[in-house]
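The next part holds the structures, each set out as structure tokens.
One chain, subunit A, links the two complexes that follow: it is found with subunit B in the first and with subunit C in the second.
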Partner chain A sequence: MLKKEVKAIFEKSRKWGWVLEPDAQKILSLYGFKTPKFGVAATEGEAVAAARKIGYPVVAKIVSPAVVHKSDVKGVVVGIKDDETLVRTLARLSKIDGFAGMLIAEMVKGLELIVGAKNDFQFGPMILLGMGGVGVEIYKDVSLRMAPLKTRDADHMIQELAARKLLTGYRGSEPVNLNALKKTIVAFSHLMMDMRDVVESVDLNPVMCTAKSCIVADARIMLKK
Partner chain B sequence: MNLKPLFEPKTMAVIGVSASNDRHPANVIYDKNNHRYPVKVYAVNPRGGSLHNETVYPRVAEIPAKIDLAVIATRAELVPDVMADCIAAGVKSATVISGGFSEGGRGDLQDRIVDMAREAGLPFIGPNCLGVYVPFRVDTFFLPIERMIKPEAGGVTFVSQSGGILVDHMIKFAQQGVGMAKAVSIGNKAFIREKELLAYLAHDPATKVIAYYIEGFGEGEGREFVQAADVCSKPVVIMKSGKTAAGNRAVSSHTASLAGDYASFAAAVAQHNIIEAVSENEMVSFCEVLSSYTRPIEGRIGIITGSGGHGAMAVDACSMAGLAVPEFSDQTKTDIKNQLTESVRAIASLGNPADLTGSAVDDDFVACARVLAASPEIDCVVVLLLPYIPGVSLDIGVRLSSVCRQSGKPFIAYVPHVEKYNMLIEGFELNGIPASSSIEGAVLMAKALARRQSC
Partner chain C sequence: MSLKNARELGSFFNPESIAVIGVSRESMSFGGSSFLHHWLKAGYSGRLYPINPKATEVLGLKAYPSLRALPEVPDLVMVAVRADLVPAALTECADVGARFIHVLTAGFSEIGTPEGRELEARLAAIAKERNLRIIGPNCMGPYSPASHLTAWGGIPGLDGRLGIISQSGGVTQRFTEYISSLGVGVSKAASIGNAAVLDSPDFLEFMAGDSDVDLIAVYLESIRDGRRFFDLARRVTPRKPIILLKGGESRRGAATVSSHTGRMAGDPVIWKSVFEQTGIVPVTNLQEWVDACLAFSLLPKTRGKGVFIVGGGGGNSVIFSDACIRAGLEVPTLTDRSMGRIRPFVPVAGSIAGNPLDFWGTYLVNDFLFEALNAAYEDDSIHMVVVDRLIPRIAFHSPDLTSDSFAEIVEFIQSRRQAKPTVFTIDYDGGDSDLIRQGSDLRARFCRAGIPAYPSFERAIGALARFYRYCRRFGHAAGR
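Up next is the complex of A and B:
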């Protein structure tokens, strides 16, 4: 059963066919996923206040029902260190089609993974794990399983990645917290089962994984037509 | 739903026979079953009359017996009426051979017969299919008897969305000596689908391996199928078409089936302990080996060969298939060496592969096989058997299979398949060791055993 707040978000998002990022982040944090601290601002004053509350450096992202792929319209700016850059960024992003606000979020670092879901016609919710970031469709280093998943399945998915060595510590880099990653994958597979009637596909990309935790730094939830 | 009358009918009505055209599918089906199988066959055509001096009944209801299986081969528009007759007459199962339903834009006709069958609880196969072939029982394929190639009776049941692919595999199985329990062509699979057949075949004593050719599943149907296959105690092998975007287009116009994304298919199938055959070659090899051996292996292969080249090819094929070919321990090498004939002992190289050379005789193969059968270092033995080696006799298959049976460890043989060597090949196959006609095929068989336990 979906939480009431989540149902309300889906209801409101139906007209766009997808869930805006601040709402998607809200759904994920409601279900216990780690997400970055964030605020949404439309004015300079709001933006500066939000950024100071979170603490520089921050990342700024366009919020617009017309923009599903933010990077494609240069709608993501990372590493903003001061008020001046933030205000300049707001001025530019506010000119993008459908501008509904600017999301200001804490900068998180880590190994970039993608955790995704697709509601397959034949098999229902399928869960994807792969090396994330913008190169995901180039390298196609991914593993797929049918939801819901058990910890063992998540383990197999990690083992299937060509880049698995990057997760377990490669050339002196710290290994990522595999338990946290497995928990994230398994919990996400259950969430996807709950949302299967309304959701077509989900990209949690990137999920930032470190030795400590896995944080969902961006989320895109596409709804069924 | 009881599918037994479909596969083991005692009485059968063939509906739609022609008075004038002996090549009509219904006539072919009537002729090939009548007096040839242990089933009483009745011809049906609304005009009545007689066919080859036997009565043609105007309606199913007029046949003086309860019908286990009705084979419906009339024009599509007439099928709903025929089905209503069958239901009224208490027919227990049906196969609808006729085409012209969803694949030809008449989804409405198909929906009508499905609704009728569901309400009446009448299981039917098709439409747009060949139906069922069960050795020594029944054959509803409308292929003239002189054109059919029938494999021996055996453990594989093959279920196919495509009749052509099914018949082709019967030929391949016959060539390769793979025995079949049943062949089922499900066509548009409007009512009885892969899942219902899985439920029946899981408890069918004749079926040891359940093989499918699948173009696509309906909405959510794939999920139900893989979950059911996961808990099935028999090995399930799947071959899929429509893997590429171009293939997808071909499929949707073929049996009006929606093939989904292949990556999801492959992942869901592998996750649920179903063995995917990616080629016809794999399909035949997997079916052959899985009908011989049910226990999975980890995949540590011991290779016995009479030629170094064959050994090297097999090692490469194993490594491609993800199988290990571990070097034998010194103890194992010594054990083998001590039992070889004197002339071979001096020249054999026993690392793994154990290359017994072209001077080897039957006794050398058997001695080496005995040691490997007992060794915990490997869990499957692949024997590359070259019948042209002078010291190899026709008895080699029988002798090796006795070693295999005593140990319980799977043996797989490679023997070139030409008529001259048939008796040697049968020495293996009739005694339970699958024999492939290629090195690659033998290794694929080992791969199937290793895949079986994947999850």
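Up next is the complex of A and C:
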């Protein structure tokens, strides 16, 4: 069963067919996923206050029902270190079509992974795990399973990635917390099962993995038509 | 559909009476008449009712003008009339209370027109409204040698423990002919075509609960409710292996699927994960399908991946070892104890005692072969055995190699049935028809005696690798 707040978010998102990032982040944190600290601002004052509360450096992202692919409209700015850059960024983003605010979030670091879900027309919810960044686009280094998943499935998915060595520590790099990653994948598969009647696909991209934790740094939830 | 309902699908495979709507008086071309002809020829023992308003007799059988005119409600109705007449035929079935129907007729969603799709939707709607169980349209329907229901498929066919679910009558035809000729019989096959009403999950559920079926072979191009198939397969595979040939993997193949059965092939990446998660054994062609079914039908379970290779020739030993490793199996070193048993009869020069065992004597003297096999059966590092055999005429310097030795070999292996999976390879597919015949005769003789024999080492290893992976996954539940 979906939580009441989540149902309300889907209801309101229906008119543009997908869930805006602040709402998507809210859904994820309601279900216990680790997400970055964030605030949404429409004015200079709100932006500066939010950024100072989170602490620089921050990342700023466009919030607009008209913009599904934020980077296509240069709607993501990372590594903002001061008020001045932040205000300038707000001025630029506010000119983008459908501007509904600017999301200001804590910068998170780690190994970039993609955890996704797709509601297949024959098989229902499928869960995808892949290397983020160029990994997923060029190498198509992904693993797929039917939801819901058990820890053992999540483990197999990780083992299936060609780049799994990057996760377990390669040439002195710190291994990521595999238990946290498996927990994230398994929990996400259950969330997808809960949402399958309304949701077409979900991209948690990137999920930032470190030796400590896995943080969902961005999320896009597309609704069924 | 619940299991209670799934059981009733058995009615398709052992009907006591069959009515055929759509038989011509003269023509023996493909259709209702040719099915009747084959059932008669196969000695079908039930009652056959040709339906034709203009005929009094068809193929020596009394013809009836309609289902209503029959003396009983037929257990099975085959519909072979023109596509646009099918809905009326189904309504007639429902009116007389006939519920199990095979629609042979093509010309529905697979032709890709709105009319075709509309007609198929009507068929499905009638089935739902009138509670009919329909196989098809556009398919060969049920096949069961035990019931002499062999109008297609291997004819006369061989009764056995194999269940087949297939979206292609043609593929199933070749498959049943092939595997029956090797002594592995079929309990039931369902060619389901467009699967407008009953789909592969329905037959999977039925065969899962059918005590006459031990092994399920599936040919699929598409599926409507993949999730149900997935959930079912997960429950079935630990008890009954499912060997699945999936068509439509390539873009071209997938495009052909829609004109074959009017459906979509689905993403191959997704199918791969279905195989992973369910333990379904995937194969990619008819040969692999037959090879795997032979292994799964005939072999005792394996406890590991160590292969003992018995044959002759240094080059063969090298190539065979490579094939094992490539397939994810191993060629372990024999224990000192095994070596102690083998070494005395293997000459130091020209042969190699070990694994592979490269010794021509194993072709010539059965006692050598049996001693090597006994050593392997008692060696803990060995889990499976592949024995290379030669067709007498190509045993070039050994004219005394005759096929008489095979009876003794078969007896030896049969007496050690529960030992370790042991298969043979008899390798000839060149152009000499005499050698082809000798090779296939020897293979068939082994297979019919319950010992898988393959036409190449690679094919033997392909089947053993699949068998090993299944046994590893399902452990105690696997094998016989």
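We adopt the following convention: the second predicted complex is superposed on the first by the 223 of 225 C-alpha atoms of A that agree within 3 Å, B and C clash if a C-alpha of one lies under 4 Å from a C-alpha of the other, contacts with A are read in each partner's own complex, and residues count from 1 in each chain.
In this section, a contact is a pair of C-beta atoms (placed from the backbone, for glycine too) under 8 Å apart; a residue touches a chain by one contact, two chains touch by 3 or more.
Fair warning: this is a prediction, and the values are worked out from it, not measured in the lab.
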| item | value |
| --- | --- |
| Side-by-side fit of subunit B and subunit C on subunit A, or clash | clash |
| Which superposed partner A:153 touches (first subunit B, second subunit C, both, neither) | both |
| First, second, both or neither for A:182, with subunit B first and subunit C second | neither |
| Touched partner set for A:145, first subunit B, second subunit C, both or neither | both |
| Partner chain(s) touched by A:126 [first = subunit B, second = subunit C, both, neither] | both |
| Contact residues of subunit A, present in both the subunit B and the subunit C interface | 120-124, 126, 143-146, 153, 156 |
| Subunit C contact footprint on subunit A (complex, rising order) | 120-124, 126, 143-146, 153, 156 |
| Contacting residues of subunit B [partner subunit A, same complex] | 216-223, 226, 258, 260-261, 263-268, 271-272, 455 |
| Touch list for subunit C against partner subunit A, complex | 222-227, 230, 264, 266-267, 269-270, 272-274, 276-277 |
| Complex contact set, residues of subunit A against subunit B | 118, 120-124, 126, 143-146, 153, 156 |
